[in-house]
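Heads up, the thing below is written out as structure tokens.
Naming follows writing order (A, B and C), and every chain is counted from residue 1.
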Amino acid sequence: MVFLPVLALVLAPAAVAPAADILKKSDVAALAPTSFRARLRITALREPPDSMDVEVWRSGESKSLVRFLGSKERGKYLLRLADAVWFLAPGARKPVKMSPAHRLRGSASLDDILGIHYGRDYVIESAAETEEAGDALVVLDLAAKGRRAPYPKVRYVVRRATERPVRAEYLLPSGKTSSVVEFLEWEEGSRPVVRRLVLTDRLRSGLRTEVTLLEMEERTIPAGLFDLSDPTERKKLEERSPEE
Amino acid sequence: MPDQGSSPRPLVPESAPPIFEVSGLRKSYRLGAVTIEALRGVDLVVTRGEFVVVAGPSGCGKTTLFNLLGALDGPDSGRVRFEGSDLGRLTAAEKTLFLRRKIGFVFQSFNLIPVLTAYENVEYPLWIDGLGRAERQRRTEEVLASVGLAGRMRQRPDQLSGGERQRVALARGLVHDPRVILADEPTANLDSKTGAEIVELLARTNSLRGTTFLIATHDPAIIERSPRRVRLLDGRVVADELGGPSRPGGAR
Amino acid sequence: MKFAVIALRNLARSRRRTLLSLLIVAAGTIVILLTAGFIRFSFEGLREAIIHGGLGQIEVVPRSDIANRGSSAERPGLPGLKGWQELRNAIEATPHVLAAGGLVQFTGLLSKGERSAAVFAVAIEPDRERRMRFEVKLREGADLPDAAPSEGDEAVLLGTVLARNLGAGTGDVLTLMSLTADGTLNALDLRVVGLITTGLQDVDSRIVKMHLASAQRLLATREISSLIVGLDDTSRTPEVQAALERRLGGREPSLAVVDWKTRAPFYGQVESLYLGIFWFLGSVIFALVCLSTSNTLLMSVMERVREIGTLLAIGTSRAQVAAIVLLEALWLGVLGALAGDLLGIGIIAGINGLGIQMPPPPGATGGIELRLTTAPGDFAATIVLMLVILGVAATVPVWMSVRLRIAEALRHV
């Protein structure tokens, strides 16, 4: 009788090892370029559809700047430094501390836009193989490792053949699904870069929000962009590429 | 003790219209737990203008008889006829008018309304009958003068002597010019001198106005003077005789 | 000489008993006057506090917003009233309207350094609020300046509890973050010029008040949520409401003209509660006065049985006897009520002169001075009430007196 748990322990690593491997290979956030600039369009799919464009500057794992595009949004940013998120606006002299769960548009939060580090922030609780419409899928049940993780539980579904995520279901501690992200289109190339994803809010309105990648550019980024107190770099950015 | 069958025959003066015709009157009433048979078959005829004294010891039924005559109560059996009409058949409204117009009461204890002045007490029966102000005033003053109280009109009863009060009561009984005055022991609460004055008043009124008087009393002064005496004993008429020094009023 | 005079004289017979009865009736009258005065004081106080606290007598708002009120629609109550200046001019031309002020209401996040709090923001026009005689209960600092603030110089008033929670005071600069009309984020620096209280603890922990222009800047809109209309006399509300509905009907989008009572259902509940208490108390007084006077009336009838018999014997009709007894009761009612009214006026004046401080009702901060109010109708009403009570009290005595049998009554001692 005491045999079985021991057996499970012996076998489990064998099962887990490929699972961890799958996770690592499909972790979009981890596999993204270290520093890049991207433009995204976030559209709340309601009647009428409601969209906005943002520009994301990312440097390493812990520094991201989201710039709101549009003439009315000039000078507004969301700056993420490690776990803290700050909102910068021309009307406020000091940055305002914010929750990363804040929804930018529709059901898309900052975490959803910037990407969740599944490998870093979650631990695999269980793994299973399944099939959907002739596709072999790996379903990983992930649990949050620490406070950094935006959702307590995730059901992460990866296509075995492409080693790319199909969808991720974010669960509440009770097991109920709060939202689902479906990874619909991918960029050409070996690096897994999401071109289009759709988030569905299951808890409240069933609202679907689409995030589309408009352009992406790997490049070095001046550190000054991420300076919380000094807006100089950001001002230069605004002057260099003003929006209509 | 004469029983029902052999009571003295009532005296009926001929060719005089009867004002009261009483036949076979019986009445009992309860006093606490006791039932008292006050009248055990009374027959009586009174003609217009007569001055009749009803005498008898206390408890003989005088007051009860007067109550029935005055329609203040109804008999258990028998009948009271007033000017030919059966009093028992009157409606409440007819009875009220009867009391207002045809009968005048003079009570032993005067029964004046304490909150009204002498004048107002006397005026009262005219007032409730709806007489006009001027007419009321005339008649009230006249009757008060006739009982000798002209100067004491504005006094309330508690400011008047016994004799004065009785005069007021008499005036009240007369003011509406009733057919009959029923006076129950009118001199019982008065001293002999005052009593005599009152009796004089009663007699004079009878002869001057022709009002029929029935007086219940055991005052010998009245009994003596009365032309007709009816005696009651234990609820029955035991005697009904003419007598007395004069026959004021009445008809032969 | 009328029966009324006889009745009055009868009352005078037993002075002490009549005086006692009058005292009872007067006392009942006084209690009713005082209670009515207190209730009116409470109503008026509450009503005027609600109205002059910022609600105004009337609100003009897009009809579609009413449906959304109180719901958790994704972005409720966005400023949606366009072309409102012209609308405001039309409203201010209506008789009895003191002024109409633009109002923007929204929710946001107010932060001071690391601390932040969810707030409910109310943005108004200070000069209009003053014309509408609205009260700003300042606990510290000064009111918002009348002039629209220039960019970068926005002023804000904080609720006292909110200020305490944030550790903020007059002079501090805080940042208010909210969603604009487009649904994007925006933030604005605001300088605290003063602290206010609404009288309700819960509201004081969430309220911020600013100039209309500041809110419009933050929300990036030229529209407002609604127009608050202030009148010179609250009792004119129905007629002004009707006048505005006539004037503004047929506009697109459709506008609703809402009175203050609808917007403060709480007031209606308080009103019902108080009226319920008043009726209950009135019934108790009714019963007490009725029973005690009925007893004395009955006693006085019982004492006059022979007298009543005499009256009947000399031709008074039963109806007339009933009238005398009833009139005695009614005299007690009228005279007692008059005495009570006069004494009541004096007592009320005395109480008002004392300047008693009433403790604050639950949830409110600060008490108010007690001032009982009377309306001219009160005195007539108490007289009528006491007449009715005494009329009821007279039923048994009247019935007994009418039932008397004359011969029995005359036999009575």
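In this section, contacts are C-beta pairs under 8 Å (C-beta built on N, C-alpha and C of every residue); 3 or more make two chains touch, one makes a residue touch a chain.
Worth saying up front: this structure is predicted, and the values here are computed from it rather than measured.
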Practice task
Just say which it is for the chain contacts: an open line, a closed ring, a star, complete, or other.
Solution key: line
Problem - Far-end chain from chain C, centres as C-alpha averages - result: B
Fill in the blank from the handout: Taking each chain's mean CA coordinate, chain A and chain B are separated, in whole Å, by 122
Exercise for the section: Report the inter-chain centroid distance for chain A and chain C in whole angstrom, where each centroid is the mean of the CA atoms. Expected result: 57
Practice task
Indicate the whole-number Å distance between the mean C-alpha point of chain B and the mean C-alpha point of chain C.
Solution key: 70
Fill in the blank from the handout: Multi-chain touching residues of chain B, meaning two or more other chains, are none
Fill in the blank from the handout: Per the touch rule, the chain B residues reaching chain C in their complex are 29, 64, 67, 70, 72-73, 92-93, 96-97, 99-101, 104-105, 107, 111, 113-116, 120, 123-125, 127-129, 172
Completion exercise
The chain A residues in contact with chain C across the complex are 50, 52, 68, 70, 72-73, 76, 78, 87-89, 91-94, 96-98, 102, 104-105, 205
Problem - Residue ranges of chain C touching chain A (in the complex, touch as defined) - result: 74, 109, 111, 113-114, 116, 151-152, 173, 175, 177, 180, 182-189, 217-218, 220
Handout entry: chain C residues within the chain B interface of the complex
Key = 1, 6, 9-10, 12-13, 306-307, 310-318, 320, 405-408, 410
